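Have a look at the structure below before the remarks.
So that you can tell them apart, the chains are marked A, B, C and D in the order they are listed, and the count of residues begins at 1 in each.
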Amino acid sequence: MADAWDVPLLTQWLTGFRDAVDQAGEELTALDSAIGDADHGSNMQRGLAAAVSAVTDAPPADCGAFFKTVGMSLVSNVGGASGPLYGTLFLRMGTVAGTAETLAIQLFGECLQAGLDGLVQRGKAQAGDKTMVDAMLPAVRAYDEVAADGGPMVSALTAAAQAAAQGRDGTTPMEAKKGRASYLGERSVGHQDPGATSMTLLFETAAKVFA
Amino acid sequence: MADAWDVPLLTQWLTGFRDAVDQAGEELTALDSAIGDADHGSNMQRGLAAAVSAVTDAPPADCGAFFKTVGMSLVSNVGGASGPLYGTLFLRMGTVAGTAETLAIQLFGECLQAGLDGLVQRGKAQAGDKTMVDAMLPAVRAYDEVAADGGPMVSALTAAAQAAAQGRDGTTPMEAKKGRASYLGERSVGHQDPGATSMTLLFETAAKVFA
Amino acid sequence: MKKFINDPSAVVTEALTGMAAAHPSLRVDVEQRIVYRARPKGAGKVALVSGGGSGHEPMHGGFVGAGMLDAACAGEVFTSPVPDQILAATKEVDNGAGVLHIVKNYTGDVMNFEMAAELAAADGVEVATVVTADDVAVQDSTYTAGRRGVGVTVLLEKIVGAAAESGADLTSITALAQRVSDGGRSMGVALTSGTVPAAGQPTFDLPEDQMEVGIGIHGEPGRRREPLAPAHEVAQMLVEPILDDADFTQGETIAFLNGMGATPEIELYLMYGEVAKILTDQGVTVARTLVGSYMTSLDMAGCSLTLLTADDELLRWWDAPVNTPGLRWGQ
Amino acid sequence: MKKFINDPSAVVTEALTGMAAAHPSLRVDVEQRIVYRARPKGAGKVALVSGGGSGHEPMHGGFVGAGMLDAACAGEVFTSPVPDQILAATKEVDNGAGVLHIVKNYTGDVMNFEMAAELAAADGVEVATVVTADDVAVQDSTYTAGRRGVGVTVLLEKIVGAAAESGADLTSITALAQRVSDGGRSMGVALTSGTVPAAGQPTFDLPEDQMEVGIGIHGEPGRRREPLAPAHEVAQMLVEPILDDADFTQGETIAFLNGMGATPEIELYLMYGEVAKILTDQGVTVARTLVGSYMTSLDMAGCSLTLLTADDELLRWWDAPVNTPGLRWGQ
């Protein structure tokens, strides 16, 4: 198997992510009920359905186009906080990917970093604020570590997925500082962040593509 | 013990009726919840509290004044169907009682008959319509039978109370034709009428005065 | 029971106190429980008095004001007002041109207004009465209490209020009121029971998957229980019995979709969308629409549909200015 | 879940369809989920665009009309609209005098409006933004998302809408909007949780004897849970934190008691009576009052109180005519 992403593999990733979110839809909404407004599951499901349609209806020519289509679909169909956040993440990945037809371990890492930077710029959350950043930040770091050692992709993505999951679990004891959960103050403590949960699914499904 | 009503005994009756309705308040409201609007208990409690106040604050000079004060209190404080109905009942009793200071078995029977006539005129219910008439009509008939034999009062009232209770029980299988329960049509079948239930308490507490 | 109340027996008085504080356009006699206009209508005009049990807000107190009622009498929750109140209101607002009593057809309301009208007549006030009875869930019959007065009452108070403001006399006002009353039909459905404060618990139990069809406005159970259905089926259950009962395909219609108190506007609009579709299919031309919670049943979740046949005259009165807390348009 | 709906995912579209059928004064783009005035405002005047998640009706679509908004974008239930909608609405209503975005302070709303404003600017439309953040239940801090935008949004849309109608320019409109936003404070309490249609069950469980204090308008739990209290104590819980946060004893105040969707008017008036008593005791002079369900949270039972400092200018804009489905007075 190839050790780099191309449009078909990216499509497989996106489809896998959609399926995982569909499966976890109720759990995501339940988490969002506890400290938010009970819509993270349906938001993500709606957005990913649109994104999958977009890339299958008119398969993008290159990796950059792929990410931009996904990003625009999310921005245009999700709304709420997760729409612009996930949307910006993918749009920025697209900027770095450009017209590349494949993304090997190094370039894909740069894409991830750009996505993370976009997410942070858009949402202004820091590590420890109990958001999806708490899953993505460690995931990108873990990916980079393995990538620095030369890979392979599956190891980097598996490490990223594990770090994301750890980050996600780490949100439970946090007091939220950003997003709706912040309105709950101390009452947000003891609940896992829904956005960090969906973000973990993003990395877990990425790893599965190369497994 | 005297075998005729006077103002103190009437007051005792009224007080006893108020206490019985207070005790049965929740039951009356529960019955009215099933086939009405859940207020018969509180309606009667409010009205009887006012009536008791009225006759104790300014004790009426004679039996006619007593009944009129009670009737006016009910009309002015109950509202709904039971206010005008019970109110008219007592007002008409007052017309027959006039300035009498005592009401012996015969005259009290005439008061009851006038009260029943007033109730029927006001509400236009017939026997079998599933209303308080179904308790009062047999009660007055039973009273008259004993009264025709010369009494004593306690026997006449006891017979009336028993007949009222039987009439009340008889409302259960009826389909309502008058009052709110009529809106339920067949669904009113199988429920005891709240007004017939409070009416039975009226006769039962009357009998207790002479027991 | 979860409500913003203090003592259940003080609910009506305290709500009137709040209403008085909120609306300088009203003069509220909290003691007697009568809502008046702060600025009474000009002399020589017929006055309109309505009232009924509380728990239906904004009806009737919220419909007091220019172009609608002159006074509203508030009874206890779901209990009609007493004759004393109605008499006092009637005498207070009479301008010498007589008073129309607008009464919903419930035994208690009819009897209490009747007694008040007799007393007012004895005091020399000319009183006419219109009794609304538009609920098609109840079969009409001379042997029963007849149909309940529901949604058409709101439309009637608006339309007849405008006519009264114009200076029409009591005879023509009463005839107009009767015409509106005759031309209206309603049907209601409940998803939950309301809770009477003094009772402290829901009037009836309604399982999560059931609804009551053919309800009135007093939290009573309806004519029948049905499995919970999607909005488009519920719309059918509202429209069908109305159109079966009267022909609305000739001329124009005012459509009024009313919330029962705990149903939010998003659901009312969605339901109205379904109703409008069916009405169009059935050849009913809707000239005017009112969607909102105007005649409630405490905290019951549910809605009712009222259709009223409307000619040009009725529509003109409907469009005329109204300025009350509950309904307000024009100037 | 007991609601008048069909498919949970079609709720917003279907409610907009009903709204369009009910209100000829609106032009509803059901596809794009944008509510416009049927008769656009005259050329050369600043246009107001707002929007947010659905489930808060009549806000915002019900506030589109003369004297208030020019367009409202409806998101999914409790989910802010997407930039595409906001951009389309902004370009459509721009009269060349610029557009004010009225945004409630929620991460999602702020980001989506921000993206739309950037895109509109790129298309040559002058856009200014005001973000409301009046909820005192949330402590303000630069490290957090800040306070939620709640009740003051309704008052702002009315006041600034009147000013925009008068032809004021974007700079002064924006300054006025900021002044209103700065002068408002709100606090809310819930007796029951609402149910998001797509979720199918209440967002949180609230035992029969408990209430949530310090809630927002998205069915979220509040700052703390308290034993259910009588209305006069609840009124205290609403007023106190507001007066602790800002001084309302200088000048005049607009008081707005808002129902959350499933609380009937009788309770709102009762609660307002209690609030008014405390305000008087505390030396707050209420110049204008609004009581009703104007910014709801689906079928949540509860209420919120908003106080807004008002000088003569603000009161003049407040009193100016408004003609929308949700708010209507003057002419």
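We adopt the following convention: a contact is a pair of C-beta atoms (placed from the backbone, for glycine too) under 8 Å apart; a residue touches a chain by one contact, two chains touch by 3 or more.
Bear in mind that the values here come from a model prediction, so they are computed numbers and not experimental data.
When you average the Cα atoms of each chain and compare centres, the chain farthest from chain D turns out to be B.
Between chain B and chain D, the centres computed from C-alpha atoms are 54 Å apart. Look at where the CA atoms of chain A average out and do the same for chain B: the two points lie 75 Å apart.
Separating the centre of chain A from that of chain D, both taken as means of CA atoms, is a distance of 32 Å. Those residues of chain C in touch with two or more other chains do not exist in this structure.
Of all residues in chain A, none touches 2 or more other chains.
Chain contacts here run in a simple line, from one end chain through to the other with no loop closing. By the definition of touch given earlier, these chain pairs are in contact: A-D, B-C, C-D.
Residues 29, 33-39, 41-43, 46, 75-85, 122-123, 177-180, 182-185, 187 of chain B are the ones touching chain C in the complex.
Put simply, chain D touches chain A in their complex at residues 9, 53, 75-84, 106-108, 111-112, 114-115, 135, 137-139, 143-145, 148, 196, 198-199, 203-204, 216, 218-221, 223-224. Looking at the complex, you find that chain C touches chain D at residues 2-7, 11, 14-23, 54-55, 57-58, 62, 191-192, 208, 211, 228, 230-232, 234, 257, 261-274, 276, 289, 291, 293, 296, 298-299, 301, 303, 321, 323, 328-331.
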